[in-house]
Structure formats: structure tokens, C-alpha cells
Amino acid sequence: MTAEAGVPDISATRAWVARLKLGLGTAARHRSIQVGGVLFGFIVLLAIFADLIAPFDPNKNNFRALLSAPDAVNIFGTDAFGRDILSRVIHGTRLSLLVGLLVVVATGILGVIVGTFTGYVRWLDGPVMRVMDGLMAFPGILLAIALAAVLGPSVSNAALALTITFTPRTARIVRGSVLVLREMPYVEAAKACGASHARIVLKHILPNALPPLIVQLTFVFSVSILAEAVLSFMGVGPPPPTPSLGNIIAEGRSYIQEAPWVALMPGIAIAMTVLGLNIIGDGLRDTLDPRLRNL
Amino acid sequence: MTRYILSRVLSAVPVLFVVSLVTFLLMWLVPGDVASQIAGPDATAAELEAIRQRLQLDQPIHIQAFRWYGNLLQGDLGQSYLLHRSVVDAVFERLPVTLSLAFMSLVLAVIFGVLLGVLAATNHNNWIDQVTMAGALLGLSLPDFWFGLVLIFFFAVGMGWFPTGGYTPFTESPLGWLRSMTLPACTLAFTQMGVIARMVRSSMLEQMGQDYIRTAKAKGLPRGLVLFKHALRNALIPVITLVGIMTGLLLGGTVVIEVVYSLPGVGRLIIGAIQNRDYPIVQGGLLMTAGIFVFVNIAVDILYTIVDPRVRNDR
Amino acid sequence: MRKKKWITNKAKLRKALAIPALVLGIAASPVVGQVEGGELVLAQSANPPSLDAMTSSSETARNINMNIYEPLVAIDENVNPIPMLAKSIEPSEDLLTYVFPLRQGVLFHNGKEMTAEDVKASLERYREVGATRGMLDKVKEIEITGDYEVTFHMSEATPTFIEGFSSPRAPAVIIPAEEAAKPANEIEIIGTGPFKFVEFVPDDHVTLEKFADYVPNEDFDGPTGFGGKKTAYLDSAVYRIIPEAGARIAALEAGEVQWADQIPVPAAKRMSADENLNVYEARQWAFMTFIMNWNLPPTDDVNFRRAVLYAIEPEEVMAIATEGFYDLNHGWQYPGRTYNAGDIGKEIYESAHIDKAKEFLAMSDYDGEEFLILTDPNYAEHSRAAVVLAEQLKPIGINAVVKQLDWATVLKIRLTDEGWNGWTLMQGLEPFLGPYGIAAKMRGDQTHMRGTADVFEESYNRLITGKTVEDRQKAFAEIQTAIYDLVPQIKIGDVGRMQAGSARLKGFKPFRAPRLNDIWLED
């Protein structure tokens, strides 16, 4: 890593790309990443091509086929509206991934901004991190539910509530890396050469803070998918008739004896998606951030 | 030492201030109000206004905030609008349920997590290891509320071994308490168990690679003795930290389980209060849970410092 | 007894009121095999918001409170007013005074005897804190005219006064005078009913126990409605709060509870085959209605509202919203009830008229803006109806959007002109109690639709003050005609309610609230 310090002409972008290539190159050869990648990749494909793959319109009601058991037409059966559960699960998975992605992107951006500023600008550190500590002291899911209640139910608000909930932990990780990297000799050297703060941060510090961030964001991704399901289940997620996996489970809860397929199938879909992400996360942790291997 | 403890405790003050501020703002921003909840769907505008006046909700935000903080400093978290008791009473009434659940699931998670972790570590790289770790990973990936429903379906409805929900206080019937807690605790423990098992495994593998273990083995000590007396003992130190962290997080983890199993715990108290706009309960309840979280963490830190003085200097 | 002109349900009622000793109770008395003792565990979906009965019109409160407290005037099994703590009801010829002689020897749960003092204090309190205190608006003064008699002096003659006064919505119950001096929700829970309050652990349970010194009303032969001669056989009753329907069912099947409310229909169907369980069908439980906001575009336009009305296919909405337990009914009264207005609107209601709907839509100023359907997840029927309605309106070109917020927010938003166009609401007590509650929500300044029309004001006045039943029926028919013309609300259908109990539970009959008296548990 320190080698970069001796090559002052590499542009910031190229520093990032180099760091990423290094990490992801190793990662791609890791076995759990391959296994998780296949599982997760399959789910992502299902989600992207949901409109083509889902056999029916997920919101098409049919009051003559309420809660019908799985058969050749409705492979996963139908729900209390007569809607095809397979189609709803496929679209629901797309929504879960979308929420997860939104949260990852937003948390990543906010986490980097807050983490870098608090790590780099000393006088900001105290007050901002106290706010972050305060947010982290809430039981996460309760905070998300309260936020979702304030914001009102919608896909973007669910994502926002989860972003606010997960940003502090991410910011803390970025800050930790920045605090260490700031003291590195090559950063000192760049400073001595008169490099601007922006240049130091963008070129020398952030690229090297990336690996633990990526690992954390994989974790945020899988936890957001689980948390979105909880929000929907508690009735503060995306409103009906949105096919969200948590909504489908919540609706199926009343029929767990008469029509167990309603609640069962979306649960399995969540578990598979999160499992795929967790396997990838394990691999990334191993290759990108050996210090975290224990957790 | 005393200075360290004091400084840690003092550091909780700004955190709790932020917590209180956030809860206060949240409840101020939330749409809907408790008046229509109290008066019901037929209330007239005038009736609602009267209720708001009675509850002093018609006052400007800064006056409400001032009053709230004034009372808070005197240790008074206020009265619930709907439950006819003080916030402190309401939370303390529910605490045994949540603590029972958190404690039992933690005990289960530690026992089985350590067992599985050791099993995996001692069978490193063979199928037992792989199956155990796959199971642990699956546990981490299950939506716990859904898993709770599945357990209810099989063990409460299907087999009839456990009640489907509800809480029996320990003082009323220890056996009933155990039965009412088993499924919820197992649900919660299942995910936590995975975390602990993974931790124990990797930490034990690390220890088994250490010189002293190799020396002990070379000296011809029995494998079991080496593993359990030396490797496991040292491997458990990071696990203790983890358990400390998890204790704090469990308060959040119990929320959904309380809902699924109809347990009258603190989480459901706060959720219900959010839904009914019972502001004092939401504010006081969140403040108290966050307070517990903060102080558990401080306690863990301090314990850790006593056990291992090097840690202090790291901070 | 003075001769008086009596107003509501004619001869039968008059006899019952004036000569209360007459047999009125449903013949429950000589049924054999009542078992004394035991504890009944009931499962209901939510905490009672208050056990101060006057202050809450919530169903979950009523389920409990109707067993603890009693009013002066209650309703019988057919929703007619009957004296309960009053010995009789004696209106003057001009309807400007009502004399209520009280039953003597009635004891409160604290052992004190009920007197005129307590009655006056309770009703004065009701004027202050009662959730439906409007029903006492026409009472100018409540006078104590004897140790056991109170007299109401009215500001004007109101033929329908006693019907309103008997409403169990937020019942005007009698509590001890010293409790009546306390503000809302701060009283000790003390009534005169056959069960007394023991404890309330929110989110868990409410416990009642038999009031050993209960004084039954010997003027009746047996129980009827919320009144009559009540007998407590059970030693105690525990209401467990179980929000989740699946959990209520499981608890019932596991024998943990012996009675459960709000059973999903698929489960009820399955359970009816189980000989250890009884399923109770309460057919005419509520109206499913779709309320329009007259003050926000596009629903401020009558032609747009008509387009919505004509586009709806009620059968699909009802089948899905109620899980199949419903009756199609265009009327704003249940079939067979006195004020049922016959076929008015039936043709419009029976099925969707897509061409007609499109015509109205074309006549309106509608320009593709959002049609916001307000609903909540707390009542699954509301939410399901909203979803199906939205799907039905999209094909004719209405940009329907479901706006689901929690119940507390919905209750607030619907009192404003902004943020909603349509609102799905089950109205239970209004149709149960007759035409007045329904009509009242379309006139005055507190209407559901945020506006009103002269026709609703005028017809309502004739409904309230009409001298004969025929006059009032005519007024209600006009209201129903206007509803199908101006579309303040849309009637979707009649919703049923499923309840279930253990086969050991005997004597239970579904009513607006589960009655703990005159039911028992067999061994």
C-alpha cells in the first residue's frame, strides 16, 4: 500500500481502481465468494427480470381462487386476494434487493462523509460522534420502526429509516480506518509535499479505508433486507398492494394453519437472499479485511 | 481505575442527551395524535381539542421540551396517556418479561454456540465442521419473526408441546414460565448461536495454532486436556466481549419476538405506544432501553479492563 | 303511573317500559344444567383504551365494560331501549320531562347502595367526559326528585331521545358519586354489573370476578341484550390480549382460551368441523363503507364521485375484504329493520356499470390526478377493501393510490380536508343502532365527507323529529336516495364477524359485546 506514496502522479480515480482491483481480484478466487455469488447472482437475475419470469401480475386479484393450495397453475399457491404467490415473491425479492441497495448506497455515502470528517477534522469528531453514539444506543429495530412511523409508509421511507439506523455504525468503521491511515508515513509525506486536504483524503486515505467499508456494507445489505421485512411485518413498510416479502408473511400469518404456503414461501426467499449475501460477506471479510475474520 | 470508571460513566451523559433529544423530536414529528386515539373515531374537533389541552399537547414545542427535561432531571419520566400509570412503572412492569427472554436466549445461545464452535474447530475442515458452519450461517440469515412463526406452527400448533404465546410469570408458576419462554428464547437463540459458534470456532483455531498449544501437544498431554484446558479457555476471552455486546443488542432483538409470541415485554410496550401515540411511554421507554444499553456496555468495558488492563491503554 | 305518549318502537316497547314487570327477557331461565364456578378465558385483539366506560367508544373497551357497569337504560336483544338501573322510563306527554324511578337495593362493587345522588353525579360527569355526550345535549337539567328518582328536564321535545340515551357505544353508566367527581380515566373501576374489576395488565390481560352481591333485575325473566335479569355463573373471567389472529386461534385450539373474537374465516371454516369447538357467526356485524372527501379534488366533483360509485363491483371487494363472510346489501339499513328503505339504489349497486362510470368520468373535470384511498393495517378488512377498490378503479382511468397509515394517523387525517379522497371504514354500531348514527354523519359540521348538502340536513331533521314511524321512514328513504345521487359514502356490503368458543362454553350468544352473565363452563 505504501508504495503508492512514491508515485505521486497516479490520479485519485486510479488509486481507487487499483485498490479495488487488488482486493476484488483476490476475492473472486475465494471459494465462498464463488458459492455465494452463484446463489445471490441467481436471485439478482430473478429480480431484474421479474416482469418476464413472474407467471402472473403480482397484483391481479382473483376472488374465485382465494388461498388455493400450490398446484400446476400457481406453483406456490395463492394468497387471500387470490394473487399468485410465486409472482409476488419474485417481485417482493426485487423490492427487498432494491431497498437493500438503496440503504447500502446511502449508508455508504453518508458513512464515508461522516466517518471521514470526524476522523480527519478533529473538532468535529467529539460532537458528531456523540450524536452517532446516541443513535447507536437505540435498539436498532425500534429506532427504524419509530422513524418509519414518522416518515409514513413507502419504499423510499423504509430505506431512509434503515439508512439513519445503520449509518452510525458504518461511519464509525470509516472513522476508525481514517484515524489509523491519517498517521501513516505516506500521508505525512503527501502533506509535506503540500498536497491539499481533499487530495490526501480522496487519493491516499479513502482508497485504503475501502476494504473494511465494503465488508461492512455487505453486512448492511443483508441486515437491511431482514429489517425491511420486519418493518413490513410490523405494518410500517411499503403500503399494500406492494408485494414486499414482509407484507406477504404478515398477511399469511393469520392463515398459518389453513394456508401455510402464504407465509412459508416469502420467508424462504428472504433466507436464501440473505444467506447468499452472508456467504459473500464471509469471503470478502477473509480476503479484504483479515483483521475482522473473527467476527 | 476509579477515574476510568468515572470518565466512562460521564461519557454516557452526552449520549443519553442525544437519545432523549432524538426521541423527543421523533414524537413531535410523528403524524396523528393521541387525542383521537383516546376519544375514538366519533370524536368532534372540540372534544379532541379538549383532550389535547388536558394533556398540554397544545403548548408550543419548546415549552413541552422544557417541561419534559425539567421533570427528567428530577427523575420523573411522566405519566402514560393511555395506561394509567407512570412511565417508570410501565417499563418496570414489563422488564421481567424482556429480561427473562433475553437471559434465557443468551444462556441457550452461549451453551450451544460454544458446543458447536468447539465441535467445528476440533473437526476442522471435515464435514462436521462444514455442516455446523453452514447451519450457523443459515441461522444468521433467517428472518427471526418468520422462524418464530414456523416454530409456533410445528411445536405449539402441531405438537402442542408449548403454548402459542403469552407469558406466565415465574412467581406464578416456574414450570409455566419455562414453557412460555422456551419457544421465544429458542427463536432468538438460534440466530445468536450462529454468531457465537463462528466466533468460538475461529478463535479456537487461532489458539490451536499458537506455540504453547503445540508445545503442550509435543509434551504428550492428552488432546482433550490441551483443547479444553488451554485452547478453549483462551478462545473464550473474545467470546466474553461478544456476549457483552450481544447483551446490549438483545433488548432490540426481543422486540419482534415479543410481537410474534404475544409477550407483554418492553418492546411491545414501546411499539404499542408508537402506534397509539402515547408519547411519554415512547420517550421514556426508549430513553430507558438506551440507558440500559449504554450502561451494560460501560459495565462490560469496565469488567474487561479489570480482567485485562492492557485494554485501557488501547482506548 | 302517568299516562304518556311514547315514541319509538310502538306498542311492544311501550308496554315493556311502562309495565316492566311484564315478561320480556328471552326465555333463558329454565334451561337446565347451568354449572356454577370456573374461569372463562377470552381472547381479544387489543387493549381496552380505557376502563372508564363513559370515555371510550372503542369495541375492545365495550367488550369488558358492559360486564362491569350498567346504565339507566340499556338495549334489549332487538336493540330496543329497556330500563336497566331505572325501574321504568316515564316521559311526559309533551316529551319535556322524563322521570326515572330507580331500582332500589342495587349495590355498587364497593358495597354502597346506588341512589339518585350517584345517578345525577354520573350523568353530570357524562356531560363532561362522555365520548358521546351529545346525546345529553337536549337535557337542560337533571333533578333529584327522590332518594330513588331522577327527572330530566329537556330543552326541546326529541322523540328519539331514549334511543340515543340507551346507546352502548360509550354507555352512560352509573358509578358512585365520589368516583364521578374524578376526571376522565382517573376513577376506581366500580360499577353495578354482575362482574367486578380485578386487574389490568396492558398487553396481557384484564381480570374480572363475579360480584357476589349483584342484585339482579327481577322485573325480567331472563337476560336480554345488555339488560334483563342477569345471572353470573362464572367465578371469574380473564380477557387475554392477543393481537394476532393466528395466535388467538391457536390458543383456542390448545384450550388456553375458551372464547376468541375476530376469527379469520378460513380458520372458522376449519374449526366448525371440530366437535370441541363452536363457531359463532354474527352476520350483520358492520357496514363496509367507502367514504368520499368532498373538499379535495378530484372527489369534490360529484360526477367524479359518481364515476367511482358506478365503477365498483361490490362482490369482489366484499369477497376478498371479508374472506368470504358477507352479504351484498345496497341499503343503509340491514334487511328487515324498521328503517330499511327497500330497493333505492339497488340497481346501481348490484354490479359495476363501466360505461356509465366512464361517462361520468368524462363529464367530470378529472385529469389523471391521484385518487388517494386512505386505509389502515389495524383492521385487515379496511386494508384489503382499499386494495381491491384501487384495482377496480384503475381500468376506467382513475389513478387510484392506496395510502395506508396506522390507525392513529388515519383518525387524524380524516378530520382534515387534505391527504385523502376515499376512506375505507367499517361502521358497526351506527347501523346496529338504527338510522340516526348513519344519517348524523352526513349533516352538521362533523360529517364523514367533510361537507354536506341541504337534503341531508333537512331529511335528518325530519328523521329526528318525525312524529310517526312512517314520517321517519320516509325521511330515511330520502337520505338513501341522496346517498346514491350525491355520493357522500359508498356502501360496499355487510360484513360478518366470526367468533369461536370451546364446546364447554354454554349459553353464549353473540351480541355487540360478549356477555359474561348467563353463560357457564361445563366440566
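Order of writing sets the chain letters: A, B and C. Residues in each chain are counted from 1.
To be clear about the criterion, contacts are C-beta pairs under 8 Å (C-beta built on N, C-alpha and C of every residue); 3 or more make two chains touch, one makes a residue touch a chain.
Since we're looking at a predicted model, the values are computed, not measured.
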Comparing A-B against A-C, which pair counts more contacting C-beta pairs?
-> A-B
Most central chain, judged by mean Cα position vs. mean of all protein Cα atoms, is B
Determine the centre-to-centre distance between subunit B and subunit C, using the mean Cα coordinates as centres, and give it in whole Å.
-> 41
Compute the distance, rounded to whole Å, between the mean C-alpha positions of subunit A and subunit C.
-> 48
Using CA atom averages as chain centres, what separation in Å is found between subunit A and subunit B?
-> 22
Which residue numbers or ranges of subunit C touch two or more of the other chains?
-> 244, 246, 250, 378, 405-406, 409
The positions of subunit B in contact with two or more other chains are 31, 149, 152, 157, 259, 275
When you check subunit A against every other chain, which residues touch at least two of them?
-> 149, 152, 253, 256-257
Report the residues of subunit C in contact with subunit B in the complex, numbered from low to high.
-> 47, 49-50, 55-58, 131-132, 134, 169-170, 183-186, 201-204, 240-244, 246-247, 250-251, 253-254, 256, 378, 405-413, 415, 425, 446
Contact set on subunit A toward subunit B in their complex | 130-131, 133-135, 137-142, 145-147, 149-150, 152, 222, 226, 229-230, 233-234, 246, 249, 253, 256-257, 260, 263-264, 266-267, 270-272, 274-275, 278-279, 282, 293-295
Could you please specify the touching residues of subunit C with respect to subunit A in the complex?
-> 244-246, 249-250, 264, 266-267, 269-270, 315-316, 319-320, 323-324, 377-378, 380, 383-384, 386-388, 390-391, 402-406, 409
List of subunit B residues in touch with subunit C within their complex = 31-34, 36-45, 47-48, 54, 82-84, 90, 93-94, 149, 152, 156-157, 160, 163-167, 259-262, 264, 268-269, 272, 275-277
Where on subunit B is subunit A touching in the complex?
-> 14-19, 21-23, 26, 29-31, 137-138, 140-143, 145-147, 149-150, 152-153, 157, 199, 202-203, 206, 238, 242, 249, 251-253, 255-256, 259, 267, 270-271, 274-275, 282, 286, 289-291, 293-294
